[in-house]
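Both complexes below contain chain A, partnered by chain B and then by chain C.
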Partner chain A sequence: MNYSLLTVEILTALLGLGVLLLDLWIPATSRKLLGIIAATGLGVLLVYAIGSAAPGDGTAFGGMFVVDALSGYAKGFFLVAGLIVLLLSIDSADTIHGYAEYCALILFALTGMLFAASANDFVLMFVALELITVTFYILVSFQRNRLSSLEAGVKYLILGALASGFMVFGIALIFGSANTTNFYEISTAQTALIKSPVFLTGILLTLVGLGFKIAAFPFQIWAPDVYQGAPALTTSFLATGSKAAGFVLLARVAFEAVPELTAARGHLFLGIGSITILYGSLCAIPQRSVKRLMGYSSIANAGYLLLGFGAASLAGGSAVLAYLGGYIFTVLAAFIGIQVVVSHQESDDISAFAGLARRSPWMAASLTVGLVSLAGIPPLAGFFGKLMILKAVAVQVGTSPMVILSLLVAVLGVVVGLYYYLGVLRSVYWPRSVSDLSPIPVSGTTKLALIFAVLGTVLIGVLPETTYQGARQAVAGLATPKSPATPASPPSATTQAAK
Partner chain B sequence: MPEFTDLLFYGFAGLALFFGFLCVANPLSRSPVTSAMFLVLTIVSLAGLFILLHAFFLAAIQVLVYAGAVMVLFLFVIMLLDLKEEERRRFRRFTVGVGVVAVGVIAGLLLQTVLKAVPYSQTSTVLAVGATRPLGIILFTQYLLPFELLSLLLLVAMVGVILLTKKELK
Partner chain C sequence: MELVVTNAIASAGPAYSSRPEDIGWFILALPLFASLAIALFLHRNRTLTLFFSVGGVVTAFFLSWVLFFTFGVTGLKAVPSPFPWFHAGGLHVNLGLAVDSLSSVMLLVVTGVSALVQFYSTAYMKDDRGFARFFASLSFFTFSMLGIVLSDNLVMTFIFWELVGFSSYLLIGFWYDREAAADAAKKAFLTNRLGDFGFLLGIILVWSLTGTVQFDELAAKLKSDPHSLGVWSSVAGLLIFCGAMGKSAQFPLHVWLPDAMEGPTPVSALIHAATMVAAGVYLLCRTYFIFQTTTAWPAALAFLGSISALDIIAVIGGGTALLAALIAIQQNDIKRILAYSTLSQLGYMVMAVGVGGPDAAMYHLTTHAGFKALLFLGAGSVIHACHHEQDIWKMGGLARKLPVTFRTFVIGTAALAGFPLLTSGFYSKDAILVAAVRHGHPILFGLGVLIASMTTFYMVRLVLVAFFGRSRTSSAEHAHESPIQMTWPLVVLAVPSIGLAWLPLGDYLTEHFFGAQAAGEAGGLFGPFNHAPLAATFGTGAIIFGAWASIATYWNAESDPLPRSLAFWSRVSRNRFYFDEIYEALFIPIQDGLAAVCEWLDRWVLSGVLVRGVHGTTELAGRALRMVQTGNLQTYTFLFVGGVALIILIAL
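Now for the complex of A and B:
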């Protein structure tokens, strides 16, 4: 058994356990140390994961766990997201009750995401998703002295449990008709399977579960409430890591397990994507709470990503992954600004952001980069991602009237997005009335997190080629067979296959 | 002369029906707690049926999880919510309608399955899949990784419960 493939996952879980235990010996006055240890450990792991991403593609546990281009690509982004959130949390070490547990839970959720990125089997996919979701039930309701946090936690718990129920029922139907839960084994038998209504129902119910994770229509209801109620730190991780894990798994199911089905029913993704964009964009317009606004923005962005699936091509899949990479940095950049303002002002109303440019230029810059990138203005990551996705969809014009319709909706979404994203920025730079102009202090660790997030957003926007190539290889790698019997292939063979 | 296992089957099946009836329509008591207790007895009778099918693992899970954990959860909810109102309420037309439709659909499905069913001897080999030994083997070989990952999930749940219910937070 090739245990070395799981090194990053095992070390992340151990780091979480270590932080949980260290709390016993570290005095309450120096809690910050825990966050610093967790962040440093994760930083080392990130360097290790990037360094070792290329060699050692292969499968472990009988084809259940797979290391390939997609898992390497996704894990890098998950680790960065975890690192930025942990760095950001250090400032709140003294205000979060149970800080050690908070750090440990972030690391456990991250472990779930890492396993999700490598899941090559419906059972492992379900368990990894549950690990993420159950951790987030707790992280969302972490501020238990705040009623809104508890309310968000209960809402997330009930709807999440319902979605899990759908998914596990779907997996049962898939197993019943395919007699296997392995993605690769399903893909070898897919031509016959996708004619079976039981199998199709199973896939559909699984998509319900994934649709909940990524907040796609019609399973998006929870997102605004949970985003608003949860602590800003949790929201930032929920909007990036948890959502991205859902998309990575969707990519695996759509492009590895049943690519023929995805190609045949691509217009379903286009339709759902269009409705999701419309819902997210239009509902975001009247929002005053910035966290809630980010919730609707997250729904709209899920719509764009689904359009990429609708293209059902190598270009569409690569665009989805490239968009996702940029999206993680973008949202984190925006949330660093939001987190600092919310923890300082105890409010996330747009008026709390008034005059932020003069109060804290650092935070204003971070928020600006995030929101401008989300709005899709060049040269940032958000622009590049949207461009790639629209390009991939536009190629399909003529195959179905749905394509033109979804393109129109996508452009409309961008225009509406400009309005509500820039509305927040107007308050930051040109406020109507400012009551408080005292500077907001920004600590070194927050600045470090900010530099990571902003640098990522700008770099992916200015030099998109590297990200796009990585995404392209990741999607191309999904088409290559991964049977349990195949021994770990040398890296050169995989890269050649990808080309 | 029927065999002993047949007698057991009729015994458990009859008990399951009897307790199930008392669970939903007890003429003596309308207390939700009494209903819940009859549900426990129904579940235990069903566990007896599973044993007759040689599905020992399923029978044990039925008792441990359903009669144990899930029922405790039920009782907690019943006791936390004040259900005096529910006890007094009579049947509503809508509720009865939905119930009749649901029973009709399930009865139809059951009838269809029974009519399609093949004799016992031809399908008996399939039953071995659900037995304890093959289940254990498959859990610790093919599905080892998700099984181990569940331990982390349970740890997270434990940490969460302690955090969210702890009385004093430092």
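Now for the complex of A and C:
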């Protein structure tokens, strides 16, 4: 088997283990070093992953694990997200109890995301998702001394377990009806399979599990509570990496395993997407807690991404991936501002952001870029993503009344979004009353993270072509058949890997 | 065959010097960079602010000379190498520079005056709180203006056109805490927008008829097929002229310019003498080929018959020139006199374009930029010396107290009046008069002579009242010469006001840009008297008459005798022909009425029903949905499972 295909995954996992080990030797007074080592290692990995971006497609584990355009595209963004979060965590090295574990868990979650990007089989998909989710159970409740963090962790755990349960059941039904769990093998037989209600139920239950990860209606209910309760750092990774992993897997299932079903039931995505947008946008309006607001924003954005699936076309899929790429930078840009304010003020109420523009222009700029991009104002990444998605949906006008309806909802969502995103910015720049105008110090590592995030948001918005082409190739690559690299691979190896 | 090969090598040239026109990008970028650097980072540091701002424009000035010698002197036209900016439908917009003799002359004017004004401002604005803001705005203005000069297509021109409007808004309203300045800035911006609207329509019209906005492509197209604009050719020209009317303050959009004197005096020198107001004339010259198409009117305007767009432009220009000169005679504010004189001279230039002499217009634009900037900066020096007194009747006797200012001011005045043989103004004004005679416009020629006479009259009046006689107030009594940073730009600017300096320019422009044969007509210092004695003689006569009349009236005058002798005319002139009042009476009730309707719609329909209604509904929905989010895990689980059931129910 070709282990070189797994280089990035293996190295990321090893990096996590290495950080855990190093903790034994590094004195408690210089814990920051751990974060710096982890971030540097990840930075090197990122450069390596981008440098070796085109090793050629290939599969491992008997077709379970695939390296293709989509996996390459997604892994780049996952690594960037992990890098920015680690950079951001260095500031909190002394306040987080068990910082080495925190870094290691981030790296393990990242490993899960990297596997998810390459999953070509429902079983590997499940395993990768569980790796992500289980690490996040811990990451969410990492502030064990804070009740809200624990509560969030428990909620995430129980609802996550529920979602996983549905998913496993769904995979069992799929295996029962299709006799395989490999995406490619399913796709070759999909025309017959999608007529079977058992298979259909299986797919739907799998989508329930993914719907939970991406916080789509009606499985969005956990998001606001968990986003608010979890430490801001965890939330930022949850909102980017974890969510994006769900979407990448959804893209695999929808466009690789059962594209015919996606095309036939596109309006289901449109419907769910529209309701998700409405729910997220409307609930965000009365929010005062910025972290909770970001939770609802995350729901609303999941809705937009689902609309892209609803378009069920190459354009729609590319738009989803392009949106996702910009979204990761955008949300991180916003969260850098939030994280710094929250850790400084120990509050995430909008009033804690009052006068931020004067207290820390850096953070205000970061938050502004993030929120303005989320609101979908040109020339930032968020605008471009929404534009591409709406464009992909709009060309389908006439196929179903659902299209027009979802477009209307999308526009409404943008308008409402302006209201609540800019509400935060109003407090940042034009506070009603300011009690404290002392400057907030910002460390070099945070500035570095900020520069990455802001630069990404701006660049993807101004020069969207590169991202869009990457996304387009990634989706187009899904349509090409991916047979297992060595069809004659010994079955024992396959079963071993599956275990 | 061999010949072709040689040609190819020759035109390719050595790699390092293959594209000297790319210097244009640097010229454009320098002031922008300075402005951004100051606005974003350096606004607390005066030294660095000055270094970047002045350094940027001075470097741009020297680079402009390089371009002038590479393209201007030789008459070469840089091969345009635009790179595509965006394509939307049939609209292809490129970013590219037009580097040729026209733009390289204009570059020198803009960067030269801008550099001197910035030097001057270092002293003039020394104690101002908004020091850095001032220089950032000046640099940004310079950038926008250079953009107009260098643009090689209409869309790019329009963008920089708007940026000039915007940056002039910043500069006129620089002292925004003064109500008059804030109002003037608003007025200038809105009046300009009115003209810009026409300009935009013109661009759209030209584009829709020819499919291009690129100057060179457009010119080639109109040359190969003069009828490609069809019946709209004259309308297109006039619409583009609308833009020029706004920026160059032509009647009836002239009202903003005098008010714009509320800005700091260096701004008046830069914007309202040399650059922004010249942009309109420059645009007319740049797009002159559009006006050369055959006259045609759509059916609704058929009654205009054979009257061409240029005829209308000439009449508007001449009318503006006359009107402004009449008003200038009875103004008492030193800057307002100069403002109306600027209006009048701009009218002159526009008239020159209209009578078929864009080369004469550009010639006058260039010389005028020099001496009018000199006069404004001189006025600034006077105002500075007299503790911000602007009324000339409260000055007097300044000649001895401000020797440098006085001497340079007199040189500027002589140039503006067009003193024969010695001053640049004489030659450029003569070129306009010649153009009027040549192209058969005897009435406009007469008008030009009359205006020349009036110009001399009010300028001599200004000099006599402000600099001669006795000091009429204590501030004039105790006036002191301004610091060296303010006086030496005056001296520098006095040089190009001398006749010889610009003598070759007229022929140069005629030959290189407008492709006509000048055939050395100007012929040296006495040229005007040799080749067109009529124009030169009348011009000289007009000056002598104007000067005589003015000296007879104002020599040692303690107050203005005209209001007594010419009561009615004086009052009309003093009140600027009541334009502001007429506009107020005409437009304000209409606008108030419209505003009331809009306000009602906005308050009750948009804000009330739509915004508040939608806001209320969504807010209510948001609060209602919040009920779902109980925080109770059991409820969540129930909803989750219910959701699964629902999805399966719907999907199966």
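Points worth noting:
Keep this in mind: the second predicted complex is superposed on the first by the 484 of 499 C-alpha atoms of A that agree within 3 Å, B and C clash if a C-alpha of one lies under 4 Å from a C-alpha of the other, contacts with A are read in each partner's own complex, and residues count from 1 in each chain.
Definition applied: contacts are C-beta pairs under 8 Å (C-beta built on N, C-alpha and C of every residue); 3 or more make two chains touch, one makes a residue touch a chain.
Predicted model only: the values in this text are computed from it and were never measured.
Once the two complexes are overlaid on the shared chain, A:Ala189 sits clear of chain B and of chain C alike. Legend: residue contacts after superposition of the two complexes on their common chain; A:Leu20 is shown touching chain B, with no touch to chain C. In the superposed model, A:Leu200 makes contact with chain C only, not with chain B. In the overlay built on the shared chain, the residue A:Phe219 is in contact with chain C alone; chain B does not reach it. By the touch criterion defined above, A:Cys283 reaches chain C but does not reach chain B. When both complexes are overlaid on chain A, the residue A:Ala479 reaches neither chain B nor chain C.
By the document's definition of touching, of the two partners only chain B reaches A:His97; chain C does not.
Interface residues of chain A facing chain B in the complex, by the touch rule stated above, are 13, 20, 28, 60-62, 64-65, 97-98, 101, 104-105, 108, 111, 115, 121, 123-124, 126-128, 130-131, 134-135, 137-138, 141-142, 144. For chain B in complex with chain A, the touching residues are 141-146, 149-150, 152-153, 155-157, 159-160, 163-164, 169-170. In the complex of the two chains, the chain A residues touching chain C come out as 154-155, 158-159, 162-163, 166, 197, 200-201, 204-205, 207-208, 212, 217-219, 221-222, 224-225, 265, 268, 271-272, 279, 281-286, 416, 419. Across the complex, chain A is touched by residues 615, 618-619, 621-623, 625-626, 628-629, 631, 633, 636-637, 639-644, 646-648, 650-652 of chain C.
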